[in-house]
Amino acid sequence: MAKVGLILGSDSDLEIMSSGIQMLEQLDIEYEVTVASAHRTPDRVAEYADSAADRGIAVIIAAAGWAAALPGAVAAHTNLPVIGVPISSSPIGGLDALYSMVQMPPGVPVATVGIDTVKNAAILAAQILALSDSDLAQRLQQYRHQMRQSVEDKAERVQQATKEH
Amino acid sequence: MAKVGLILGSDSDLEIMSSGIQMLEQLDIEYEVTVASAHRTPDRVAEYADSAADRGIAVIIAAAGWAAALPGAVAAHTNLPVIGVPISSSPIGGLDALYSMVQMPPGVPVATVGIDTVKNAAILAAQILALSDSDLAQRLQQYRHQMRQSVEDKAERVQQATKEH
Amino acid sequence: MAKVGLILGSDSDLEIMSSGIQMLEQLDIEYEVTVASAHRTPDRVAEYADSAADRGIAVIIAAAGWAAALPGAVAAHTNLPVIGVPISSSPIGGLDALYSMVQMPPGVPVATVGIDTVKNAAILAAQILALSDSDLAQRLQQYRHQMRQSVEDKAERVQQATKEH
Amino acid sequence: MAKVGLILGSDSDLEIMSSGIQMLEQLDIEYEVTVASAHRTPDRVAEYADSAADRGIAVIIAAAGWAAALPGAVAAHTNLPVIGVPISSSPIGGLDALYSMVQMPPGVPVATVGIDTVKNAAILAAQILALSDSDLAQRLQQYRHQMRQSVEDKAERVQQATKEH
Amino acid sequence: MAKVGLILGSDSDLEIMSSGIQMLEQLDIEYEVTVASAHRTPDRVAEYADSAADRGIAVIIAAAGWAAALPGAVAAHTNLPVIGVPISSSPIGGLDALYSMVQMPPGVPVATVGIDTVKNAAILAAQILALSDSDLAQRLQQYRHQMRQSVEDKAERVQQATKEH
Amino acid sequence: MAKVGLILGSDSDLEIMSSGIQMLEQLDIEYEVTVASAHRTPDRVAEYADSAADRGIAVIIAAAGWAAALPGAVAAHTNLPVIGVPISSSPIGGLDALYSMVQMPPGVPVATVGIDTVKNAAILAAQILALSDSDLAQRLQQYRHQMRQSVEDKAERVQQATKEH
Amino acid sequence: MAKVGLILGSDSDLEIMSSGIQMLEQLDIEYEVTVASAHRTPDRVAEYADSAADRGIAVIIAAAGWAAALPGAVAAHTNLPVIGVPISSSPIGGLDALYSMVQMPPGVPVATVGIDTVKNAAILAAQILALSDSDLAQRLQQYRHQMRQSVEDKAERVQQATKEH
Amino acid sequence: MAKVGLILGSDSDLEIMSSGIQMLEQLDIEYEVTVASAHRTPDRVAEYADSAADRGIAVIIAAAGWAAALPGAVAAHTNLPVIGVPISSSPIGGLDALYSMVQMPPGVPVATVGIDTVKNAAILAAQILALSDSDLAQRLQQYRHQMRQSVEDKAERVQQATKEH
């Protein structure tokens, strides 16, 4: 049974979504992926959001570019937490998508992460799920430990590479 | 029978809407006004847009601030022309609302006018309706003539006031 | 007899205009294309706009980059609806063109669409023309149906591609 | 036992925090509030975040202005979900705080909501907690119902006020 | 015979124009002031610009806010140097007016000065006229000398006020 | 004897300067080019500006990127008109250079043209010089005529290429 | 003997400077204050910077608004560390001053602090001086201790005020 | 014994750091380089900053992109001067990193230099160290002399290359 629902505004965003999917798999979190557009298929988005909880979805990640109404449109139809990922596909570097997601009016929040950072959306979803899944909480701790180790390894290499001054 | 449907994201936008309503009345265009929120009442927005044409609406003006999904949500449910008015109610001067409206993805346009310029939305609606209403076309010509005259009167006054240098 | 007049600020914008032209052809809308510059050929722009209605033009699409005065200059000379397409040809991603078009002062609106989205300008023009052309209205409905179908097909493919997790 | 921890970068942000506190109380969610600065009291922030889970905190809301490092500094010390609220206290309307929160590098997300929208932070926290608290889930549904009702009441009033045209 | 023509997009800009007018009078430069709108009275702008040289105008100062096409529209009709002053009357601080003026396409320049700095427009006009008017050149030198003196007086006062530390 | 002095903040800007130099040659205007940096060679800039008038320079064009103090530093040392060209060499598209030039404080203007538009700087210089050089004024008229002709030729080609719809 | 030189672009910036002066006095650092303008009194700025080291100045704080060339102009004339404070006196919130200071080209840095944060400029100056003044280093430690204490006191008060939920 | 500590948020920033390292070597300043992340390894950053003074570090240069909390996190743990270098690695050209560094709240400054200008960070560090190292002060004077000479050589070449007009 899927836990995280990923929804893309366009299949051209699938490649950028891959780092998030990889993260979910690394953390052993079930997920499903689909495509829906707030503007081209509004009913599909509404149905998706309305039925998400019943299909076992606990957290929704919605990624979109331009006037990125997708996460807000999902959030308008469910009380599940919705994570928004602004995509930098427009000529103004994704600022349009960022503002369209993060500046939600009172009552209906979208948990927005950085431009193109689907990996962080996956980790945020995991943090939310881990509140009632102690095994996942441990895998998150491990991941963080690996991140720390990786930074320390890089530090070591950089210190070696630059110490002969 | 109403011709122009005005839809506000929040009743706090009603005051700013008044210059547009005044313009519609000056041009003798029938209209109706309502409030609906793309995020708080998405079904209401969908129903409004789905039924608009049948109720005799030809052009829809949607005004909203912040992550202003309203005009796009309306446009997703109708092929009537939708005019979006970004409102400057957020701390970043309405740039969020502007980007959320104007940067619509391919397939579903919103005809965006300037920040807070509901009067221009009304005139644009009139221009669209005037394509098949020659009386309205004439009233628009008159209005433009008055504008021109008003500028010339101001020019006269300014020239008088500054000519004694 | 042409229905939509496309006017480019520079012939270097012709390529970006092609997706709009294609859309007009797909919707079987008559059009004409020309080049005129608000700054280099202001009289040509004025004549174009002054005579547009008489030549059977109902909607004008004007695309330009930088300090993109073209749509406003056209709108100053006609009461036909004018659609502006900001082009991202400057070093600041088209924000200059967007602000130069959308922020029109009271009295003379420009219906602005997203940066480089000439296709949306064409659809908006079609929506306006369809108000008095029920055949076109049907073709627009069909186009919207195709868009919806296309998103659903993509969703199907993405779901297939990602379900083996 | 507190469920939501609110942490302010400065006590001058307390007033803006009040709408969020009110929302938490309306939804009957336990909370605690404190002040800590990522730059003036980094150890306090680290201790707060390190011990939050053990004190029963499930979700942290961190609000700050300017170079708003607070939510990121909290998130660096815990795997609990951290919600960031950018505050518009600087001369550039809170864009500095927004970018400082939302643009987190890979590995450590902050769930950012709109500038000054602490109420939305509270609702997002509630949505997260409601995943394992069906009573809260119902209260959230009720709140959403009230919001919808409130918009419909406003719509009614606006329609009455404007129908005499 | 007037030497500098000041042209305002709106008579609401007259107050902000006054510091420029004062500067022209201080430098004993003849001027005329009028109001014309690139969008509401395009023909008036064209006639103004076409006839300016014949009326003895050597330099034109055009001030406008929002999508400030005025200086560009003037420059399109004359080879006299045109100085543009962006006015900060819109909700985005005059950035729209600045971009609409300064980002002129190749072939038709506008000499843009800072937002609301009509005084600087007047001085720039004086510098241009002074190239063939040695008396004016001397008055400009005097003005600069006074500016320098004024800064030195302020420095003196500030040093006095702060030296008792 | 040189009439226009071009001054570059860096020799890496020379290539971008070439379109301006070409324009000056096309208009048969004498010029000189040099390199000086407001920050690396402030005395050189001061000497350049102090002596410019005596060397026969009437107008100075200063191009620079980043915190582009060059035109302002030149203007601080001369009452000759100074034209500033912001160069887009920084990671933020030249907005830094634009603001550093155009937003000059009261008393010392810089005539700023569009980002990277050195050609327009050359034409503006020509317009200034043409006030006391009727031959140059005629060459400018010719150039404008050619521009107009070139747009009309392009219009012709585009109309041909698109009329077979 | 003065250690820190404060230089203001305009005496209207003196009020905003006061929090920095207070900080210097609290840390018992000698200072002098003067006014000089990079554009109105360039020679004064050059002389100030050229002679600063000989007058015992070790660090210079330069505050200015708009196209804020002052810190860069000072830095061009001395190898003393120069701290720049952008002032938010323009209609665009001090972004012009920020970019004009921080984006210095290679070779001549300006140590830029936040918009209007003269207090931070004073602390940065103190940190630099403290490298060779262990008493000052201790006073800085004390100040930091007080800041920490102040945050903790505020936390205490806020926790008291909000614990009755 | 190292004098300057360089700290990178990510080893992907090492390449951009190289121009700064080169500058430190040219000025014969001892340095050490390491990698630490404010968000992935906050304790490592705290330890680094806490122990820096004892290891002989006098000035710290911290470079990071995105929500670049690194320099602020270092500054929160030491009273040594901290120089921040925003890196342009995000889709919005480094504006996020710039705002995250420069807009530090009162009490804890970061000396911010231009986007990607690590070389300037190195020179600023040298200027600070030179206050108590007259040999280094001389090397800085020499470097400045070379810069000036280099500009003059370029000027010579450019004047030669363009004088045949």
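Note that the chains take the letters A, B, C, D, E, F, G and H in the order they are written out, and that residue 1 is the start of every chain.
Everything below uses one rule, namely that contacts are C-beta pairs under 8 Å (C-beta built on N, C-alpha and C of every residue); 3 or more make two chains touch, one makes a residue touch a chain.
These figures come from a predicted structure and were not determined experimentally.
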Neighbouring chains shared between chain D and chain E, ordered by label: B, G
Homomeric contact chain C-chain E: same or different residue positions, threshold half: same
When chain C is superposed on chain F by its C-alpha atoms, the rotation angle in degrees, nearest 5: 90
Separation of mean Cα positions, chain F and chain B [Å, integer]: 41
Whole-Å gap between the CA centroids of chain B and chain D: 34
Centre-to-centre distance between chain G and chain C (centres being mean Cα positions), rounded to whole Å: 51
Overlap residues in chain B, where contacts from two or more other chains coincide: 10, 37, 40, 66-67, 90, 92-93, 95, 102-105, 107-108, 110, 114-115, 144, 147
Listing of all chain pairs that touch each other, if any do: A-B, A-C, A-D, A-H, B-C, B-D, B-E, C-E, C-F, D-G, D-H, E-F, E-G, F-G, F-H, G-H
Chain F contact footprint on chain H (complex, rising order): 88, 93-95, 114-116, 144, 147-148, 150-152, 154-155, 157-159, 161-163, 165
Residues on chain C engaged by chain F in the complex (per definition of touch): 8, 10-11, 14, 21, 24-25, 30-37, 40-41, 44, 66-67, 90-93
Interfacial residue positions of chain C with respect to chain B in the complex: 19, 58-59, 79-81, 83, 98, 102-115, 117, 119-121, 123-124, 127-132, 137, 140-141, 144, 147
Of chain B, residues touching chain A in the complex: 9-10, 37-40, 42-43, 46, 65-67, 69, 72-73, 75-77, 90, 92, 95-96, 99-105, 107-108, 110
